[in-house]
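The letters A, B, C and D name the chains in turn, as written, and every chain counts its residues from 1.
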Amino acid sequence: MVNLPDYDDLPPAPDGGRLGWHLFGPDDDLGLINLLTAERAAAAAGLVRRGETFPLDAPLGTFSPPLNSARGNPRHHVIAQPGGIGFDDVWDNLYPQAGSQWDSLAHIGYSREIYYNAATAEDILTKGRNTIGHWAAHGIVGRGVLLDMPAAMRALGRPYDPGTTAEFDPEVLETAREIAGVAYEPGDILLLHTGFADWYTRQPFEVRRALPRDLKAPGLAHSEDVCRYLWNSHAAAVASDTFAVEAWPADTSPSAAPFGFIHQMLIGSFGMALGELWHLSDLAADCAQTGVYVGMLVSSPTPAPGGISAAPNAVLVK
Amino acid sequence: MVNLPDYDDLPPAPDGGRLGWHLFGPDDDLGLINLLTAERAAAAAGLVRRGETFPLDAPLGTFSPPLNSARGNPRHHVIAQPGGIGFDDVWDNLYPQAGSQWDSLAHIGYSREIYYNAATAEDILTKGRNTIGHWAAHGIVGRGVLLDMPAAMRALGRPYDPGTTAEFDPEVLETAREIAGVAYEPGDILLLHTGFADWYTRQPFEVRRALPRDLKAPGLAHSEDVCRYLWNSHAAAVASDTFAVEAWPADTSPSAAPFGFIHQMLIGSFGMALGELWHLSDLAADCAQTGVYVGMLVSSPTPAPGGISAAPNAVLVK
Amino acid sequence: MVNLPDYDDLPPAPDGGRLGWHLFGPDDDLGLINLLTAERAAAAAGLVRRGETFPLDAPLGTFSPPLNSARGNPRHHVIAQPGGIGFDDVWDNLYPQAGSQWDSLAHIGYSREIYYNAATAEDILTKGRNTIGHWAAHGIVGRGVLLDMPAAMRALGRPYDPGTTAEFDPEVLETAREIAGVAYEPGDILLLHTGFADWYTRQPFEVRRALPRDLKAPGLAHSEDVCRYLWNSHAAAVASDTFAVEAWPADTSPSAAPFGFIHQMLIGSFGMALGELWHLSDLAADCAQTGVYVGMLVSSPTPAPGGISAAPNAVLVK
Amino acid sequence: MVNLPDYDDLPPAPDGGRLGWHLFGPDDDLGLINLLTAERAAAAAGLVRRGETFPLDAPLGTFSPPLNSARGNPRHHVIAQPGGIGFDDVWDNLYPQAGSQWDSLAHIGYSREIYYNAATAEDILTKGRNTIGHWAAHGIVGRGVLLDMPAAMRALGRPYDPGTTAEFDPEVLETAREIAGVAYEPGDILLLHTGFADWYTRQPFEVRRALPRDLKAPGLAHSEDVCRYLWNSHAAAVASDTFAVEAWPADTSPSAAPFGFIHQMLIGSFGMALGELWHLSDLAADCAQTGVYVGMLVSSPTPAPGGISAAPNAVLVK
């Protein structure tokens, strides 16, 4: 098993920050999902007490109109079988990134030129480097840790509205970890509950329709401190109930890289799995009620060869 | 927890066989997935030893050209984001039933007129009765039991070819159970490994292309005895590596109902989840090698409101 | 042949303006396309002199990113046939209204409650009333008349920019007609050349990408005078090189009806065919050079049963 | 204007037959559509007498289930606009070759290695050589000549069934031409009415469903004589109401080339436009009744950049 260095012991990255490449070999396409070993899967199974199962994918079409207006909604056709013996069905216009999803390591690069582990755009398109099929073949089973961000904000006495921008710095993340009552373990899958998705589904159509023109959401702060904190947690993945994990708007311009849009650090440098638009509110309510913030997380990403993204198809079993 | 009656104590069904409706209430849309209680999920977690994870979904596009030629292949577009910061992707023509899948209880009726629990076609299309979203919201976590059918056929001294028709009667199923070394428990998810999918992927294109015109596969025998056997096992689900679970060809004509095409009994009368085209060969090899045929099965079906079918997104953790 | 009344002799419409319904019978689904009789088609053929042919559809994907961001681009897959004998192809996400198109009489109603000739939304969805198939079965062959709006604006000494809002009132339309040197004849297909599409295709990607957030275009003024003018011209159709024929932005709120958004009058009351995003610049240049502004227009709309819109598939032959 | 040589004066083609390449220059992508000059378009307009218009495209979805089972049916979604002002619509799974269509010169090569005018598969896929956009930009306007094949077979005293195989040799074609009462002119668009499509639409579902497994249709004979006849007619295009123009089954194996499957000669060597599954029965009835077999044909193929095929969007005006 690999012992990961601390963030400040990583080599410097060309455009700023530190570089997490090559810790699992030059040809690795999994990134920090490598931390999800059989031993850790077995340990995660040991966390199951009640057997209560929390599905973490929002139903298809939940985020409608789509938050990124270039995508459109999935289209579903039910087809009556000739002869009347039953039904078949088919989907069109299914953008994994329009709903609950994993970003693969092919989604965003460290820079416009280079992706995780030095893969090029060409490597992604022609060799499937970093694409989602690698994770699907490995399986994603580990410990899930819910971080309840509204509770952490409250504990710190900070005002909070899940429908607008808020930046979570390491202090807030630490507070959430303390509320969860856990110490981080390598390979953890952090579940960043912000309340955004729950807020979204309660909005009337007109509010949801206007959102794409001025997207805002709470999330990770745009700072090296947050990157250092996450790397040093040695989490394999961070999934949230927002569309970006990090606070939005971000600054995606090259001049703000790599911390203006920390996808570039988390995915492109660290090889960290980012989950977006997950359904976390039912789980968060149960955690608050039971005081148990951990469980066995099982995700079976759609086995899409060459896929840039995929549904997580995740449950947490407590 | 419901205690299910024996098959012969069920009321007679209108067109033959016995009727498993209404055991979980008149409005139930889950069928035998109701057997997957929290207690059983917790017990399944207790089966995990090594933490070895077996993904059970075949990659999208594995069965190409499609076994049912009306469906076509899924189409994948990778889209470079304007400004060069990364990629997005989208799927069209995605027929869940063209690959690894669960049939929902809306897929096939007990008869042409009526579906599980007395739902009509209209109930399915307008109210979503029996559709896949119900299972996705419940989650599917339980004990998976691999039944190694080629091994059972060998043990019985019967010739066997996974690329053609073979009918598994209760004797073969019992032999497979004995090889697995287990007694059935209510809510089991039986994994019927026939070797078909593995055989398929080793065929050249021309053989695969000709298959849809004369489909053949091993599977459950078309008999009331097999139905009785499965009901009395109190399994929640049966998944196989073929496209039909039951032997093919079946006789889908009304005059052969309900045992000519036992989908009508298993789905339409029992409310049993049928899984098809699952990837079971790696798991079967591990079972044969380790002598351990059970594990924790976690499936997160695509949360498709109104869906007739869905990817199982399943893993077995041993 | 029907002799149409003058606008002011039409009965009043319930929410303002005049009502052009029922002039071709209570069950008519064609509207003013009824004016395109065989006699007029023959007369149009008589206009052909040089045989020069001007295709009036922009290539698929011309307007990208889509002007209405809910639509997305058409997706094209080329499929190599097994055995290497050639290629096949398939299109997904093809929104007729994202490119050159006819709006059918089912696209926009006179009001939110009622469509042309008293059809309801239910009539459209279940009986195909007013949908595009009716025009496709009739065929659209008649006299095309190019109205060169930039030239008319210049002639009137008004400033003009095809990339922003400008309202064409009857005076400008009359000026354009005089430049064309024609008297209107019943059944004319007016081709409103504004220069918008030509301007659009010369813009860099970033300008085109920003457009959907603040759409502007020249077009017909939002007034009863314009409606009266067009009705009294007894044109069958008006097609332009903008996305709306009328000036944009319009006021689509119920309180501004029916002249805030004159689609409601032109389509919903008059039954007039509106063509949008047509390719008119090559034709306009030829008209200016030759002084001949008329020709034989032939359009074969995609024969889409139940279609709301369709590609015009139009040429003008001079 | 090019004066085309006779067939026997063309150079020999590498695998048999004669080669029609390079008559319009080495970079030509239009083939015999080059014969459709402005002069010929003007002459075609001069044929219009009554102004009667015959749409020649069958409605989308006419050939269902698809004759080539790999394709599936087009899927149409009507979308109610938020706020209730009207409807939008979108198509998925639209295979031009599943309905009325032109085959572009990129559809089938002279051989597996080389397409019309020496284009390679790479030229087609990356440079758009021979693809449908070239014809759409040129426009297709010329003289249409209906050849009534059932009438010709009757005149020759040969038995005929439009639902099965029949080979039209030059004698039958000549007979049809004589019935039409015309001499061929360069650039003619021959409309080969066989009665197949009309027969098809009268079959019950079960017959249509079984067809793809044993496709048969009348059409051009598989012979060099037919190729010579067509070339020497100097037609620009041949369109029929069958799925292949030539009799089916053809022999597409390399050993039967180039006359076993004369697509390879007509498209790959001659650069001739082939139209398939056109709606010709209404036109044929009118021709028989009026004795007039010619008219002005106007086709506006879908302007699909890189398209392999396209709807013809054709009418004949008489």
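Assume a contact is a pair of C-beta atoms (placed from the backbone, for glycine too) under 8 Å apart; a residue touches a chain by one contact, two chains touch by 3 or more.
Owing to the predicted nature of the structure, the values given are computational and were not obtained by experimental measurement.
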Chains contacting each of chain B and chain C, listed by label: A, D
Selected pair, greater C-beta contact count between C-D and B-D: C-D
Residue-number overlap at the chain A/chain C interface, same or different (half cut): same
Recurring contact interface, reference A-B, options A-D, C-D or B-C [over half identical by residue number]: C-D
Chain A onto chain D, rotation angle from CA fit, given as a multiple of 5 degrees: 180
Chain whose Cα centroid lies at the greatest distance from that of chain B: C
Distance between the centres, which are taken as Cα means, of chain D and chain A, whole angstrom: 52
Separation of chain A from chain C, taking each centre as the mean of its C-alpha atoms, in whole Å: 46
Centre distance in Å when chain B and chain D are each reduced to the mean of their C-alpha atoms: 46
Euclidean distance of C-alpha centroids - chain C vs chain D, Å: 30
Residues of chain B touching at least two other chains: 65, 70-71, 90, 92-93
Touch list for chain B against partner chain C, complex: 65, 75, 77, 82, 90, 92-93, 205, 209
Residues of chain A that touch chain B when the two form their complex: 37-46, 48-55, 57-61, 70-71, 76, 78, 80, 83-97, 106-109, 112, 121, 124-125, 133, 136-139, 141, 252, 261, 296, 298-309, 311, 313-315, 317
Interface residues, chain D side, partner chain B - complex: 65, 69-72, 92-93, 212-213
